[in-house]
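Below you'll find a set of structures to go through.
Two complexes are shown next, each including subunit A; its partner changes from subunit B in the first to subunit C in the second.
Coming up: the complex of A and B.
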């Protein structure tokens, strides 16, 4: 092991000065220099609301019949009963007994009608809020909210994706894509989760703190020049990843599941999805702005729908119950929006493999807290759940509602020099008023 | 013979001049008239299109040479025409410094040594000569074997990489590239998996590694060989791509579902049964369909199908026996054989998928993008060009070197990677699309820089950390940054740069500060530093005189981890 010989404060100070001075002197020849030490600016009003979001991303798409919009006793209803809830006259599937007791805190939309019926396209629409317009990439919900409400000074990552499963069919390829889009790579998520914890968080023994910092400064000096010369998104993403290294190293314990209280871990349940929902709460409490919890693509039950949902829904029921109750107990629910949804719903009818297939025409999702009114069930489907008969809403209305609840202007026009005109939500789509506090 | 070749040369270059001229006419017409007349623009584009059509026929009629000049002509023609159609700004030609690094990476899979780049810069800087020299090097074989391995087999754990080597798969791929073997022969060998010679032994591994998972086999054949993703069609006809049916998915599976891995006395064999493999699949409406032997537009291959209640008897009479232990006994009616003969052979998608993939490797994205989703949902950006190139590829027995040479000599390949204002759509190929180095390229380049040799030592480490090959979007996760910042594996490569000829000692013992920095930049970035870079690094090194070795290691780290090194540009 080699340590650097001279570590006197004077020397350090001198070196720091020279590094800055040396670089300032080169500013005229290196266009990118001015951005070297500055932290990306963020709007002054950004932190005003202090709101946070946890998105339980139910990838693969859960069935509305076995969750929020049961049709028990009908030909489409499946084998499970419906049960009454804390809201008089409102029933949910018997697979959700815990959530039934807190329906006064939840808001459910039963009238989602969206376009895309394939996973990749559905995920795109429901996480970005619109269908694609290549070659432009709309930022994902978490990136928009991290940009609007996040504190980029914080060493704690503002947008975190917890997903222990590196696989997941279309979701796998979606995950490999560009999440932050035109907002820029610094608003992309930090990805962590489960056994796929974050390796290499500890500094090497072969290098001093000072060298660690200095060589990164040099790296940025060289690397930013390349990025700026080429207006390169790939290089921007590359440099943004390095920007996060030091912050992440300083908050490494936040990503260690083992450090969470054992009782909490038991209460949330042993599954990866449950554990990560708990970790999401922990991250939000410690300064993250948007945490997205996923677990591959387990909800795509084309085969043995009922058996699969019988395993998956009770876990969701417990997780959502624990999360909302915890946030309420900690007086955080008013500022923390919890969303549980997938990319579409599932067919009223069964296929031959006793699965339900993709169905974007009439499906449900749930939210709680963070500017959303509890105890509201918005919209309705017909008696068999085939069509929406009241309060139809699409992904644009949903995004408008989410942004409005968080105090973000949904119709804001992006300032994107050289790009076509884009808005946070296109087509002036309106928010669902009855869901807003 | 001489005079014939000479005449052809004249004709061809005259043809080129004519085409250039006509395109220029069309372009001038377009520019002059476009100010106020949209119609005139359209006229100009039509002229350009007509010219291109004529030109295409002329080039194709004459595309007999092996040097690939016709390929270059075709690319130049249609890509240029595309600039008009797409109305895009176009980058300038790249500098020689940029070219020398780029072409080494794309052809031999590593950055040039300082000697290689400087020698060329100080010579006549003939790009064509450099291309020819690199194409004939062993590095070309390794680089393309790396690509083929990833595209045919996918990334895997190091233990499986070891098996690929041990069972001659790697050697088989290298042989294919080294001897420029036709892709059509290779795919027939790997799908039949009955090697006729010792050299073909590794061909078995393509099926063998899938370990009797016949769906996995089907799902890898479709993209790698037909340029299509069919996973969606497992449960239903593709919802957005009409030509991909559920029957194709299960048909492709059926061609391989009588295959079984066998291993005796160290010999691997993928045997095939003469019976079984009949089943039905359910679509989303709930009706059942038998898994007939069919794929895409090929007619169903006729096969006796027993009643559901009947059990087929297997017997020796249904087989022929081969002498070769790697083949074993072979059914008289072999589904794999049928697939090769009736579906694979002469399938037009083979040439389309092959051409589009090689294009994607060299040009940064496919003419159809993504390169392995060549379906009706993904239109080619330059349909005539893709059509022409794939016909030419087929006409020249899938000559990889001819295609590669033709593409990298094109104007589009040799554009600057600095995207000009007014150029937004990468599908225009109006600039050289930067691309991340593959794990193998990063490993070989890092070793070249630190230890002066582009060998495979660090390949295992890097391909696990940087598994992406031709990614759709390239997004760097913080894990990669943490690996480069804090991992022992990467640190060790730098710390061990201690032999007298290794980079760090070589720099420290070399003359002036300026010499040191110039050598450093030539070795890592294959270019000379600018004044600002020289000053910043000079200041840092001056200030760290207390430990020159450590100081130099930090500087080397900062360069190896910079975006300029990470990407090919």
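Coming up: the complex of A and C.
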């Protein structure tokens, strides 16, 4: 089901239309991205182009006790109470009052049991679907989705990572190959947000549009000649990168937080994570296929557990509520999968610093839309949240569920000349059927 | 009454409690300790070690004080203050002081006023500057009737509060290191300043604010305040900031930093407890040992020099002098540990009683 840029006249036409629309939007400094699509047919095309994903990557690993699986009043419950939700008998942490009202649209897995207990390994398992097998690099979820569902002809990046701080997390040192692995660099993310603002995207004023096009035609000719002569993968990657930059130039307003409607910015919240979640919605609305929103690694609360979760969870609660509600209101929820998860959970017991440490044995995550059935709480933990007692699921089951929801064959075998046999999801792991629409 | 200058603490009793102890206070007759614990309020009899659970809050119990020989008042993360008669074993009153936690509570030395502080840290800006308060952060109550007398503003989260020994001032400090001093009687703001030395903004991992002032006490003359917490960290999740106290003058001129932890006299870890006694020329600061070799230390009030140290093996959450400084009490918690094979968790709360054992310095 691999979908690659076909170079058809239709795509070429769309790109030109987009460029015109983008320039018009930039020139008029519109306050909303709706102005970017001055040609309605283009916006409609973006909307109808298939399934999309927004991954709220809660790096560092949030506590299931302070989010989706509260054990209030028990020895492991922590200081926060639980509250009822729109689903009878289902409670969440009092820090999530907004999500409590839309539980009929959310799917929660309370029975995640995964192996790795350290960040690097956990991040690999939960962003790639499997533990590392050096020297082979399994593509990250966003790369797989971009390759399967994305439109490489689109000037809008298909895989975007919004993460504001280079020092923020394990992704700091990632190169393109670390993300996309054996799929190839063109399926890696465009990284933006905060300190990763995309500089120098404006065309120099001294260059006319015609001159700019001529230069690009000449560059393409020389590059293809070089690529054909040398059979150079490096040149191909360079061309892929150049094409992406060229696409980015045309859609730079999509990455400008200041152009987001003020009312929307207030509604989503003022923190970087909230702002980038809103930006993710706009990117998805305007043609991106996979947007991953992270904010460093704030959830790793070995110390200040409750002091940090009192701030982080309400932010997540509001962001998830706003995203799901907006997508529903825009008739996009059925085609847009929203996932909120980290790389594992936190210990039921407190450490000496009154923090919670890493815990992969019994933890929770949430999803909505995009082929996932709302109003389902899958699995259960025991009364103290120490063990999974029902519906155990691991990262392979999760990825099988995600791929199935998006209409992607989870057990597809990659065609990788010279490499061992790899599957999109290994071990024929099954999807969690009750979560699928 | 001790008359010495040099403390030599000697532990005389130690107790384990089922859950972490966040605050503890010795009774007037010195026979028992009221303990504010994660799972409720306990009464600990010092002679027998008998432990009795008196009542619960809706969440962790954060502070506790004796109003008289019979009555205790506690504050909790449920935002409630609870008055309880220990002799009659009955609750007298419960006042919902805050919508969010009571982080800390202080009792005036004349036992007429109670101050309690609250505030939830909510992101208010792109870099996670705290949002302004949604309820008054500082609440002053009549200790006898429980009536709210003043509700005063601050910036959340307000984590430490103290009342001056002369019962004239109440001071509250927050996550961002902002200190506000009010007249206890009128509620009028008299001083306000910010020290950034207790607050971290995570360059790595957590791009938000953490830390702040975790304990505060006035000096015996009520002319300065001591603040305690932890110095800034590049990685806030490491918990490895400097064990830090600062002493700020309340002179009629602008507030002035008089002294702080001396170079080379501190390790790493969050400091959560300060104890000052009118008759003593030194104070105690305690908290967590993350790096170094102590988690409680005595400091000279005048010179700021560290006098002696303790390594307790658990995180200290409260420190109090008693009997005019002859004794002092430490409370805290170790790790909860994993689930035991037979079920349940180990007792991870700690209360220890020490003799101060102070001596005149040798010639």
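List of remarks:
The criterion applied here is as follows: the second predicted complex is superposed on the first by the 343 of 437 C-alpha atoms of A that agree within 3 Å, B and C clash if a C-alpha of one lies under 4 Å from a C-alpha of the other, contacts with A are read in each partner's own complex, and residues count from 1 in each chain.
Criterion: contacts are C-beta pairs under 8 Å (C-beta built on N, C-alpha and C of every residue); 3 or more make two chains touch, one makes a residue touch a chain.
Values in this document were obtained by computation on a predicted structure and should not be read as measured data.
In the superposition on chain A, A:178 contacts subunit B only, with no contact to subunit C. Contact with subunit B, but none with subunit C, is seen for A:117 once the two complexes are overlaid on the shared chain.
In the superposed model, A:351 lies in contact with both subunit B and subunit C.
Residue contacts after overlaying the shared chain place A:421 against neither subunit B nor subunit C.
Comparing subunit C and subunit B on the residues of subunit A they touch gives the larger count to B.
In the superposition on chain A, A:191 contacts subunit B only, with no contact to subunit C.
Legend: residue contacts after superposition of the two complexes on their common chain; A:297 is shown touching subunit C, with no touch to subunit B. Annotation: subunit A residues 169, 302, 350-353, 355 touch subunit B in one complex and subunit C in the other. Residues 60, 75, 79-81, 164-165, 167-169, 194, 269-272, 274-275, 295-298, 300-304, 307-308, 310-312, 314-315, 348-355, 384, 386 of subunit A are the ones that touch subunit C when the two sit in their complex. The part of subunit A that touches subunit B in the complex is made up of residues 2, 4-6, 14-15, 18-19, 21-23, 25-30, 33, 117-118, 121, 135, 137, 169, 173, 176-179, 185, 188, 190-191, 198-204, 206-207, 211-212, 214-216, 218-219, 221-223, 225-227, 229-232, 234-235, 237-242, 244-245, 248-249, 302, 347, 350-353, 355, 357-358, 418. Residue ranges of subunit B in contact with subunit A, taken from their complex: 231-232, 235-236, 239-240, 282-288, 417-419, 421, 424-427, 434, 436, 468, 471-483, 485-488, 491, 495, 530-533, 535-537, 539-540, 543-544, 546-547, 550, 554-555, 557-559, 561-564, 566-567, 569. The touching residues of subunit C, counted against subunit A in their complex, run 19-20, 38-39, 58-60, 77, 100-101, 120-128, 131, 157, 202-208, 210-211, 236-239, 270, 288, 290, 314-315, 333-339, 344-345, 348.
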